[in-house]
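In the two complexes that follow, chain A is the common piece, with chain B as its partner first and chain C second.
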Partner chain A sequence: MGKKMNSEPLGKFYNGGRTRTRREWRGVRDTWYDYTRWLGNWGSMVKFLSNPQCLKGFFRYRWMQNYLATPDFIDRHTEGLRGPQLRVAHKEFDFIVTHVCDTMKSLFEADQRIGGDPEKSKKMVILDENMMTQIMNGFPNLRGNCMQIPAIYIPSTQQQDSITFYIDKAQEFGIPGDVCPMPAGELGVALEDEYPICGKCALQCNTTCDGSLMGNGIEERRYTMPTWQVAVPIRYTDPETRSYAAQEIKNAIRFVEEQTGEKWDWGAYFKRMENFNKETEYFRSWLEISRTKYPQVIGNNVALYRDAYYQVGGGRDPAFTQNEKEICEIMLKAYGEKNPVVSQARHRAILWGVQAQYYSAFPLWLQNCWGIVPLIDMLSLTSTELYSTTDKEQAYYDMADLYAKMNMRNRSEGGYEVGVEDLWRLCQEFDADTVIMYEHIGCKSMTGYHGIFEQEALKRGLHLIWVTHGLMDPRKASRQNMRTEVNRYMRAVLHEEPLDPSLEEFDDSNAW
Partner chain B sequence: MKDLKYLYTLENLLQDCDNEMVRAAKEEGQLAVGTVCYQLPEVLLNLPGCFSTRLRAPRTSSMEMGTYYMTSLTCEYCRALLERALEGSFQFLDCLFEPASCSQMADCAEDMEALAACTKEKFFCQHVDTPMKDDDNALSHLVHMCRVRVLDKLHEVYGVDTGDEALRKAVALHNEVCRLITEMGEYRKELRPRITGYEFAVFTLASYCLPKDKLLPILRETAEELRTREPDERHKWRVRVVLAGSEIDDPDFVKLIEDAGAYVAADRFCFGSLPGRQEIVLNDTEDVLTQICRQNIRECQCPRYMNTAKINERKSYLDRLAHEYKADGIVFQQMNFCNFWGYERAGATHILGELGGWPVLSVDRPYVVGTSGQLRTRVQAFVERIELKKLQGGNV
Partner chain C sequence: MKKLLKGTGIALLAALILFLLSLVVYFFNLDMKLAAKMQPLLNRWYDRFPRPPLP
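For the complex of A and B:
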């Protein structure tokens, strides 16, 4: 018990119940910091609920109850952290809390189901889940909102069994049990009529996977607004697909203009892309430092936050840029001081495949239990290009490029080059000796490469550790099942002992 | 009914991808062009000097290698194809076109490529991006991709003539095959049909997998034979159904349904004739390739097409087929692990059942089902359900 990492057995906090037995003691300074941030997050949530529309939304929608686990969610994602890493984590996760509160507030204020303002609804464009939002950068008077993110995506990380109800509803409807639980859960929400009713029009896309676009087709029947589909090329690495992709973006913009009466504003678009580029530059510096012996922003401190500002933020919110600037300052100072991120760094790992939403804190467990440093994950390795802030025609191509390189899709579609070969290149670049290979049971996108991954890793002398999971459905593979796969490899193949033996096996099956 | 003269011949030929007819075409110097999906216009792969063959894995039993590379969580059709490729059964191919049909098929084709499953010196596997909508932008994209990734590639590697005249010749051949298949298929509308769904499935499947110029004489003779074929006085079927859904490359599946008492009057599945065996009508004013691609996009009923109009059209198309072919119900099947057809089956089952009033048997199945007792039971129960409701005059 103290300010050093691994100074107390973290597994002992879990006793099979919903919450842990007590808060972690991290030394006076870090504990006090962590506690004040915990209070701050409660403050953000109380402020959110003080809005009458938000309160109505809270009682109207079943999925809202999952947000009560938010403080626990943040505790899970800061477990074992100290000093700069703890501060970076809070900067990110606390920021996401306020951002999500703002997103949901805008949804509920426009929600016709709970008596929201019709004028606000008319100024809203509903976007598909996992859809890049840069298309809204040229519409400063409109707000793009994705209903599936607060209903499914975020809750699935807050509480492990948060969306099983909706998955079951989709399966009752007839959706096979072997599909990805994410679009199935989203469809379940639609079938239960649990999406807010708002928006002037909707944009759907094929950016995630085959299952997602098929779920959209059925969901659209529940929408009460005109809907347009943006079909991004599947083999997007083929340069011959680019003009088609750019035209898809033009057509989508025209659709939004026709439906809302708003005109595309190049000035607004370029200004926001300047922000986006700035954020990309910060991200590049994170990666640069992660390639060195003293990585600073790693694992959970990259994964979810990168999703948020790359895809959802899209350059529209300058607060993201400011936040990243501050994170960079912490990171550079820590790097200068050669600050260690784990008590004993035994392996440098790249996390490939799709992470388990119900165990998004898994990278932190790798650090704390086995000293595996999760340098970067596949979902975060999206585009690091800087996009044009002056050329209008090029901008269409840029947006199309971003859509093609949406989180996950940029690896799961596009073929070997980006799905398989890039992994080996990245292992070299980051000097990684280990690959944590997530195998999401319902995902059909990368599973077909299974054998090739094994063969190639063997050829290259890399430790490839398969971690099977059910993405948003812990009934398919529990958190402990995921941990056991790593434990077995570490003991049977590498003959190593854990840094924190209490974390090797513990009961969190009922935890949030 | 008297047996069709060539049924047995085709049944035997279809037991193997690299069969006698394929070998005869190869000996004449024709190129064997493999494909895995309807997304690319088939006619482009049948230019003079080439013949297309849509890959299948007949007589599949073990899929151990396919499962190692693709896991047991993926579509068995893809796994079976990979297995076959690794066993060396596709060595006869000169090239393979994979039209980005679905993630699993793309992985399967890439695995074949990475594992060098086809070893001919000039063999290539071409991945072609194909659109997922049917608007003008999608059409121009398909035209462009077909030009640069299909025609130019065939010309560049094998010197295939890809000019307009060659395309028109390929269309003429395609049209004759389609005319004959359509003529044979029209007999299924008769209440005492002179062709069984199984027989028709064999001839249609052959038209996707065998060299068309070699198959044509057989189709011509069979069409002639059917013109005078006398149907049985009493047939064994108790109801008529449309068979819809994902890939079926095994006519024994159709046989299983018919043996359980349901006549398969219409075939709206991958490897079926509706759509897929419609003539391409060309004019002299527009670019030939554009005309071919337009027909492909407009007719395609694959759930991969994601725009609202296409989504709705798929249901109304099935509804129309069921009326046109005097069906009593619809059997909607889907291969396990198929994302596209999994969702489509679930949605269509509700929409056709609740809005269209059609009784729908909704099933998921493995790749090999020829003798599945479980499926037979489900079809039998479905037949009884339709019969009972008809007797009771209730809503089926």
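For the complex of A and C:
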């Protein structure tokens, strides 16, 4: 119990129940800071629920109950953190809380099922989950909204069993049990008729994968609006696919124009891409610091937030840019002071493969339990290019490039070069000696590489630790199963002792 | 003047009690413990909505 990292055993807070026994004592300064942020987050949520439409939405949609666990979600993602890392985490996660509240407010205010405003609904374009949103940058009078993000994607990180109900519904419908739980869960929500009814038209997409697109076909039957499917090339590194991909973007823009009567606005698009480029520059500086001996923005402080501003924000919200500027200031100051991110940094790791949504705080456990510094994860290593803010024809290619390099598919699709070869290059760049290799049981896209990863890691003298999971379904592989795979490697191969033995094995099977 | 002082005193005392109470709620995770108790009740509520036939 104190202001230093690893000053109290964190595993003792888990007693097999839904919640932790108490919050962490981080010393006066950090505990006070965490308390004020906790108050602020409750303030955001109370403000959200004071809107009558939002209250109606809360009591209409089953998935809304998952948001009750938001403070617990933040506690999980700040566990053991102190000083600058705690502040960066709160800057990111608290920002996401307010952003998600705003997104859901806009959905419920337009939701015809609960008496929303039809005019607001007409100004809304529904986007697919895991779809880049830059296509909306040229429609300043429209709002792009994704119904699956608040219904499935975010809840899957809030409560580990949040979407098992919907997965079961999809299986009752006839979907096999071994498909990816993400499109299965999304489909379950559609089958239960639990998507808000809003939007003038919808854009669907094969990001992350074609499995997702197949689920969309059935989901469309529940939509009451015209739907267009954007098919992004899988082998996007092949230059021959680029003109086709750009044409797909042009077609989608034309579809939105025809359905909504709005015209594409190049001025608005380029202005927002300037913002997006600025955010990319900030991200580059995070990476630059992570390559040094004193990384600052790492692990959980990169992963979920990067999803939010790269994919969902897309340059449209200048508040993201301001937030990143402030994060950079904290980071540079901490770097100048050579601030350590863990009490004892034993290994520098790159996290590869797709993370488990129900254990998104896993990188933090690596830090707290074994002193493994999770420098960067595969889903965050998306495009760091700066895109054109003047050339109209190039802009179509840029958007197509961004769609191909969406977080969850950038490296799981695209072939050997981006899926395997890049990993070894990145290990060198970041001076990493360990690779935490996530293996999502229900995803076939990277399965074929399994043997190659092992062979190549051995050749390079890297520690490759497989962590098997079920993405959004903890019944396939529990959080403890994931931890056990690391524990075994650390003890049997490296003969190391944990920094916090209470975290090696604890019962969080029923926890949120 | 006396009334104003008394009113201010009561407001400050109430704020102090609220602050201490919120600290207790925060530290002992009472907000989340209450939320966990609410979930089964909410599930019963959501079960009441009729479901459309499968497409």
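A few notes on this one:
Everything below uses one rule, namely that the second predicted complex is superposed on the first by the 512 of 512 C-alpha atoms of A that agree within 3 Å, B and C clash if a C-alpha of one lies under 4 Å from a C-alpha of the other, contacts with A are read in each partner's own complex, and residues count from 1 in each chain.
One rule holds for everything that comes next: a contact is a pair of C-beta atoms (placed from the backbone, for glycine too) under 8 Å apart; a residue touches a chain by one contact, two chains touch by 3 or more.
A quick note: this is a predicted structure, and the numbers were derived from the prediction, not measured.
Taken together in the superposed arrangement on chain A, chain B and chain C fit without clashing.
The wider contact with chain A, measured as residues touched, comes from B rather than the other of chain B and chain C. Once the two complexes are overlaid on the shared chain, A:Arg62 sits against chain C while remaining clear of chain B. In the superposition on chain A, A:Leu39 contacts chain C only, with no contact to chain B. By the document's definition of touching, of the two partners only chain B reaches A:Gly217; chain C does not.
Using the contact criterion defined above for the overlaid structures, shared-chain residue A:His450 touches chain B, although it does not reach chain C. Once the two complexes are laid over each other on the shared chain, residue contacts for A:Phe173 go to chain B and to chain C alike. Computed from Cα centres after superposition, the angle at chain A between chain B and chain C reads 130 degrees (steps of 10). When the shared chain is aligned, chain C comes close enough to touch A:Asp193, but chain B does not.
When the two complexes are overlaid on their common chain A, residue A:Ile441 makes contact with chain B while staying clear of chain C.
Remark: least CA distance from chain B to chain C after fitting both complexes onto chain A is 7 Å. Touching of chain A by both chain B and chain C, each in its own complex, is seen for residues 173, 218. Against chain A, in their complex, chain B makes its touches with residues 68-71, 73-75, 78, 100, 102-104, 106-108, 110-111, 114-115, 127-133, 135, 137-138, 140-141, 144-145, 148-149, 303-304, 306-308, 311, 334, 336-337, 339-340, 342-347, 349-350, 362, 364.
By the touch criterion given at the top, residues 173-176, 178-180, 204, 206, 209-211, 213-218, 220, 227, 229, 231, 233-236, 238, 240-241, 243-244, 247-248, 251, 412-413, 415-416, 439, 441-442, 444-452 of chain A touch chain B in their complex. Of all the residues in chain C, the ones that touch chain A in their complex are 22-23, 26-29, 31-33, 35-36, 38-39, 42-43, 45-46, 49, 51-52, 54-55. Interface residues of chain A, counted against chain C in their complex, comprise 17-23, 25, 35, 38-39, 42, 59-62, 65, 68-69, 71-72, 75, 173, 191-193, 218, 221-222, 512.
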